[in-house]
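Heads up: the structure comes next, in structure tokens.
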């Protein structure tokens, strides 16, 4: 590497792995957040030596972001949404002739619970303390709007656009909620569970078919081996 | 009557009598050979083979032995394609543009001497003429860019216009040093001077101006590189930015003409550079005891072109070598380089040559 | 945070360019559509640029020409099937895409791959990084008009792809990682071969250094162009080499505790203070060298043992949520896997690096010249599949 | 030592490769004339060992792309040993893999419990018509000849 000019030789990284965050640090983060947004912090979940989840109210979505950014979570990782409703379509691997299977449509939220079908969730990272957390917020079913983070984290702009087009969640004060992927006049929100995956609908699952039973299965099985007529075997082959 | 003609044009008419019609045919054939042979040779040797070898691959291998007929196959392919013009294009002009570019190449080769008598015409101000017609291609490129009705073409055409004009100047100035040293603008005379001259009394290699005019040679070659829009000066084409620049919309044989023109012009500039700096068709005259150009044996008319081709291929080889190795400049860096580095340097070179010419 | 002088100057220049556009003569702008089919965009990214002369007034990338809806597709697939799907996200470094997903599933199932599998995983992970970034290094030349580097890159990447194919069977899409370990052990002679190939790749790095990075023209095209300060980079969620080039000392290989064997090797995280295109490319070159180093060291440390722990034949992942991100060739690639105890995931949020990396483009392209669009895009380094997913 | 300008170094690199290619030949392979042997594990094409197949549908059901089509029926086979009962076996009537859909993930080969599916490194079966990429059981059976032995494992591999 002698050919490199001097100003590029600036290794700053140390080879030793930096101190990894302990659960104490994560508890401290929760406390700080609770201080900042108070009652809006609805639920938290700390999995030991793993990760931290917090759930806040939709109204305090922006305030949470601001508080966390001020607390050192300056690195924006992602923002998206979950539709907690089970898919009414299953995985399209059923025989269309059969009685449709009963799908349990009760909505059951994941970590840190929730009351609504839709939730937005985002992840922020504190690069200096090497710790990240997932923030969730319920989005009311009748008013699927939360405040936009795009002024806070510039990177949220695209994530919110994607979230809007895929889940139909609106973002207040977002500069430009155009579709990213889909045509502008596309109807429906593809990542919602009640949006069918057409590619799986247009064609029957090849796994439906089963091996045809032998026409005279019962008799053949019962018949003594020696008496099995050769013609039966040939007939079955035809 | 032939004798009469010979008497009228003693300068350039060969010593033995060739009928005028034969002479004309020879010239036409010679012109085509002088333009197309270098183009084909350059494409095959450098573009197909040298580039491939520099990239650790073999290049075209299927058409003909060792892929040598590949170019013919390509020509065949291009000729078959439909002659398309975009809807909004200024069709007449659009179709003319490649021809203008190729025309400039043919006009250029007219003054290049390939032997003591093997030339098409022998202007007293040959180099002046060459530099003048070299800029005709700019016209073709500009109108190609403009008439295509394509934004990429337009940007490419404008870039080409700016670039070719910017690099014309250092080229002219670099040539000026040669002209001053040779004391003539006649290309054959420049060759004669180089092959009869001597450097500080050492005359066995003559005085090729590449030694005394080394800075001029460098500037000239850089300018040629830019005139040919070869990397690192290929912004007018810049396929990663402008798709294909002014050629974007061209297809079929019009694209072929651009393609031929690009490499034929490389060849002709190679010829001119070899005339200006490497002694052209000549070998040092002292080797054979010739005093001046009038003593040169007749067989030089046949050996000369071969020597020219060798020198041309060597020069173009360097141009291509650079092309395959370097990334391209940015447009503004290119202009800065021309106006702030090359032109002052060329002016200084000219001044130094003039002073030294007076001193010695 | 202090900006270096060059950063500051370039930042000021771009701001000044903004201002100048508004004050100077009334000229008619031109909208240039770069892509979706354009030689510079290696894939189908479209960039709409409003030009004033050759200067960009504003630019906006339009993604989505390759949106395959992976997040939807994962919901109808079982966990083993998802692996074969996600390795098509960043198709140049496929194996690296599988790892975080598998790790997330393993986290939910509370299994851990045996040590031998972890080391082999890390080796394959780094090999796919080398395969990916070496192509970037070659492609960089093409974007800049130098045609030779890309052929060298394709040639030398082939050694790596051969190795990946030799071990996994898949040249581009290994689908080798399994919940609980690896599909298979390495074939005989593979370690020796890899050692040879890594040497070749180290040579390749030196060649590229001489041919491209040392080239003064290349440097003049790259330095001071597209400067991204660290705070902007964090705001946009830039990751990988792009973040480290802005001086952010953040590498998920080092800075988190995953069952991968990076701590067995002695290597270094490179950062660069400038944040310009040059820094991004240079960091990637250095990282390729580091990856070669990691692979070389890990090859001698593969422990004996099985490559698969005991997992049920039919994999049902218990209910829960897990987030695992790894330092992929393009940057931070993470999967947020939500399972409801079924055969397949309930929801998979794929956080791909290029999506964030490319979202900075409107900011970064403001006020630059058309040729710089190409260098900035090239140095940000995106894979279309990684943007659109 | 003074620093060599990068411009000259770059020229040196390309000239070096030119020389190397002239001396040692190119690194490329002239494909239709000479072929590279893919690694033993390469996933080129799926071969079907029909005798082993019991039409259990596992492969078809675990295929992410739904590109394996199987039809079968039950029939009686002659007894294994003299005097035994005739066995009831599944016989496949149709076993098609649509290579236009297949994404070569290898899940089918992996899940097959009866060793009926194998990977062959063969790769030359492109077709001008996409419909011809549907390989039936006969064609899949022909690929069996090209299936290599599984490679030995690296030292330290444990079970």
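As written, the chains take the letters A, B, C and D, and residue 1 is the first residue of each chain.
Note that in this section a residue touches a chain if its C-beta (ideal position, glycine included) is under 8 Å from a C-beta of that chain, and two chains touch if they have at least 3 such contacts.
Note that the structure is a prediction, hence the values are computed from the model and not measured.
Colleague: If you check the contacts of chain A and chain B, which chains show up for both?
Modeller: C, D
Colleague: Report the chain whose mean Cα position is at the greatest distance from that of chain C.
Modeller: Measuring from the centre of chain C, the most distant chain centre belongs to B.
Colleague: Taking the mean of each chain's Cα atoms, which chain ends up nearest the overall Cα mean?
Modeller: When every chain is reduced to its C-alpha mean, the one closest to the whole-protein mean is C.
Colleague: Between what two chains do the most C-beta pairs come into contact?
Modeller: Answer by contact count: the chains A-C.
Colleague: Just give me the whole-number Å value for how far the CA centre of chain B lies from that of chain D.
Modeller: So the centroids are 54 Å from each other.
Colleague: If you average the Cα atoms of chain C and of chain D to get two centres, how far apart are those centres in Å?
Modeller: Roughly 29 Å separates the two chain centres.
Colleague: Give, as an integer number of Å, the spacing between the C-alpha centres of chain D and chain A.
Modeller: Chain A and chain D have C-alpha centres separated by 34 Å.
Colleague: Which whole number of Å gives the spacing of the CA centres of chain B and chain C?
Modeller: 45
Colleague: Pull out every residue in chain C that's touching 2 or more other chains.
Modeller: 77, 148, 152, 155, 210-215, 217-218, in rising order.
Colleague: Among the residues of chain A, which are close enough to touch at least two other chains?
Modeller: Residue numbers touching two or more other chains: 3.
Colleague: Could you list which residues of chain B touch at least two other chains?
Modeller: If we look for residues of chain B contacting two or more partner chains, we find 54-57, 324-326.
Colleague: Thinking of each chain as a vertex joined to the chains it touches, would you call that graph a line, ring, star, complete, or other?
Modeller: Topology of touching chains reads as other, fitting no named class.
Colleague: Please list, in label order, each pair of chains that touches.
Modeller: A-C, A-D, B-C, B-D, C-D
Colleague: Show me the residue ranges of chain A that touch chain D in the complex, using the header's touch definition.
Modeller: Going by the criterion above, the answer is residues 3, 93, 203, 205-207, 209-214, 217, 220-221, 224-226, 228, 232-233, 236-237.
Colleague: What residues of chain A sit close enough to touch chain C in their complex?
Modeller: 1, 3-4, 7-8, 10-15, 17-18, 20, 50-51, 53, 74-78, 80, 82-83, 86-87, 91-92, 108, 110-111, 121, 123, 127, 130, 132, 134, 153-155, 157-159, 166, 179-182, 190-191, 193, 195, 197, 200
Colleague: Mind listing the chain D positions that touch chain B in their complex?
Modeller: Residues 7, 10-11, 13-15, 17-18, 20-22, 26-28, 30 of chain D touch chain B in their complex.
Colleague: State the interface residues of chain B toward chain C in the complex, per the touch definition above.
Modeller: 51, 54-57, 151-152, 155, 231-232, 234-235, 238-243, 324-333
Colleague: Which positions of chain D touch chain C when the two form their complex?
Modeller: Interface residues on chain D, with respect to chain C: 5-7, 9-10, 12-14, 17, 27-28, 38-43, 62, 64, 103-107, 110, 119, 151-159.
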